[in-house]
Amino acid sequence: MEAFLYTALGVLVATSYMCLYRIGSGPTAPDRTVAIDILGTSLVGFCALLCLLTGRDFYMNVAMAWALLSFIGTIALAKHLEGMGFDE
Amino acid sequence: MNEYIGVAIVIVGLAFDVFGCVGLVRLPDIYTRLQAATKCVTLGTCMILIGIAILTGLNATGVKALVCMAFVLITSPTAAHAIARGAYKFGVKLEEPTVVDRYAETQTDEGRS
Amino acid sequence: MKETSTIVKTISRCVVGFIFLYGLYIVCYGHLTPGGGFTGGVILASAFVLEMLAWGKEEALKSLPFRLAKPFDSAGALAFLVLGLLGLLLGGDFFVNVIQKAYPGKPFSLFNAGIIPLCNIAIAIKVCASLFLVILVLSVLRVAAGGGTEDDLTTQEEE
Amino acid sequence: MRKISMFVVLYVVWCLLVFPYDRTTGQWDTQSLLVGLVAALVVVVLFGNALPDRSCFLLAPRRWFWALVYIPFFAYYCLKANLEVAYLVLHPDMPIRPGIVKVRTSLRTRVAITALANSITLTPGTLTVDADEDGTLYVHWIDVKFAEDDEATREIVSRFEGHLRRIFE
């Protein structure tokens, strides 16, 4: 079970590196925004797997807070891409 | 028995995560990248959370995983939609073999009026 | 016509209450799980920030008006200080947990931690109000192009 | 009425977060239940005005039934979408014909249009780019089969429309 969980975490780290590649080399700003959004969503899964690995359920709180703040950050970045101010 | 089902669901979720991120790297255009990545990573994360809920059973962790899954399922398409709209307004054009673009008409209309 | 799309608006309306509830959960359980005053306060403020992003500044000011946010900012700090002084007066030292000494209960339950949850709530009110004010003032300063002050903010709210 | 239904939903979510039932001893944690009442009340007082248009539907059991029917239907299309994306990504040539089509829906309330748009985003090959309040959706389609409005509407929208009308309207 533990070996499986470590493998799963390794796979998620690999996906995070793919997102980081897109953040680094994205031709335009929206590409980078997409990659940031996807990175946030996949790290929620990472936190959830850590919860199973360590047996402490507070990692679930971390995952939920991460999901919330990632959503708000993505909305803010998308508004900035649209050319709108923060409070319109 | 529950253990095997949970592990299988987590493995399928991980596979979808990998497909989504490969799509993020390989596809040519921001909109197609957004489609592949959003669909696959949303479903992959949801399946990982479901698998954890099955593995831990009905206690605080499992129920919290289900709440988290509902939240991801609601907000992730919304974020994708916001990015797509923002990218169109930002001026990113569609990839070359484009068949039809009905959204461009509204943009010019708005610009005129 | 610059406006956020319908989808973002509707989803924000559905979600903003749950974000606030989650912040309250983090604050109330700060002494049992990781989290606490600052983290919960940031999540509480982010609920207002989401409302501001989706619906505009006026809508956010309707749920937390400017004239309420400023007193809350001060009241959080004051409550924290009062809790400390309570320990000094009744227990002999600053921040003595007087309530827990008077009523010792079962550990690891919600109410039996004395003044620690109250401190968390005070910090959360302080952090939430001041973070909201910081973001509000930043957006107003951007609109007023360098000429905005606090008077500008109050006049905007009166309008 | 709206505020009461919001209060009930928030309290249920609080109970799910806290999970006040201890399975080893079989006791209910009354303290967290009490704090949950206060917390839900605070949220209703602060955000009572910021509600969706018609949240009364949360109290009708018939709509809950149709929502439960909708879940496996939606899950099927979601899985199909993911398999298609996996095929597309692993295919060496990546056969795509992208385009943005315009579809019309007869749903009227904002919540229903939002649910439809999010369903479209998670189903095969489509992504909602913009939605107007009068029921016009602009959909990015990764493999355009029909460029005309009516055919695209039949292909994309109609499979969800009936279900969502039963749930939300």
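By letter and in written order, the chains are A, B, C and D; residue numbering begins at 1 in each of them.
By our rule, a residue touches a chain if its C-beta (ideal position, glycine included) is under 8 Å from a C-beta of that chain, and two chains touch if they have at least 3 such contacts.
Because the structure is predicted, anything quoted here is derived from the model rather than measured.
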Comparison of C-D and A-B (more C-beta pairs in contact): A-B
Chain A-chain B separation of Cα centroids, rounded to whole Å: 11
Interchain centroid distance [CA atoms averaged], chain C/chain D, Å: 30
Chain centre separation in whole Å, for chain C relative to chain B (CA means): 31
Interchain centroid distance [CA atoms averaged], chain A/chain C, Å: 25
Per-residue overlap in chain D, given as positions that touch at least 2 other chains: 13, 17-18, 117-118, 128, 130-131
Residues of chain A engaged with two or more neighbouring chains: 61, 64, 68, 71, 75, 79, 82-83
Multi-chain contact sites of chain C, meaning residues that touch two or more partners: 5, 7-8, 11, 14-15, 18, 22
Those chain pairs that satisfy the touch definition: A-B, A-C, B-C, B-D, C-D
Chain A - residues contacting chain B, complex: 1, 4, 8, 11-12, 14-15, 18-19, 21-22, 28-31, 33-35, 37-38, 41-42, 44-45, 48-49, 51-52, 57, 60-61, 63-64, 67-68, 71, 74-75, 77-83
Chain D-touching residues of chain C, taken from the complex the two chains share: 5-7, 9-11, 13-14, 16-18, 20-22, 24-25, 28-29, 47, 51, 55, 59, 62-64, 109-111
Chain B partner contacts - residues on chain C that touch it in the complex: 1, 5, 7-8, 11, 14-15, 18
Partner chain B, residues of chain D touching it in the complex: 13, 16-19, 23, 78-79, 81-82, 85-86, 88-90, 94, 96-102, 117-118, 121-122, 125-131, 138, 140, 142, 144, 147, 149
Chain B residues touching chain D - in the complex, by the definition given at the top: 16, 19-20, 22-23, 26-29, 31-32, 34-36, 38-40, 42-43, 59-60, 63-64, 66-67, 74, 77-78, 80-81, 84-85, 88, 94-95, 97-104, 106
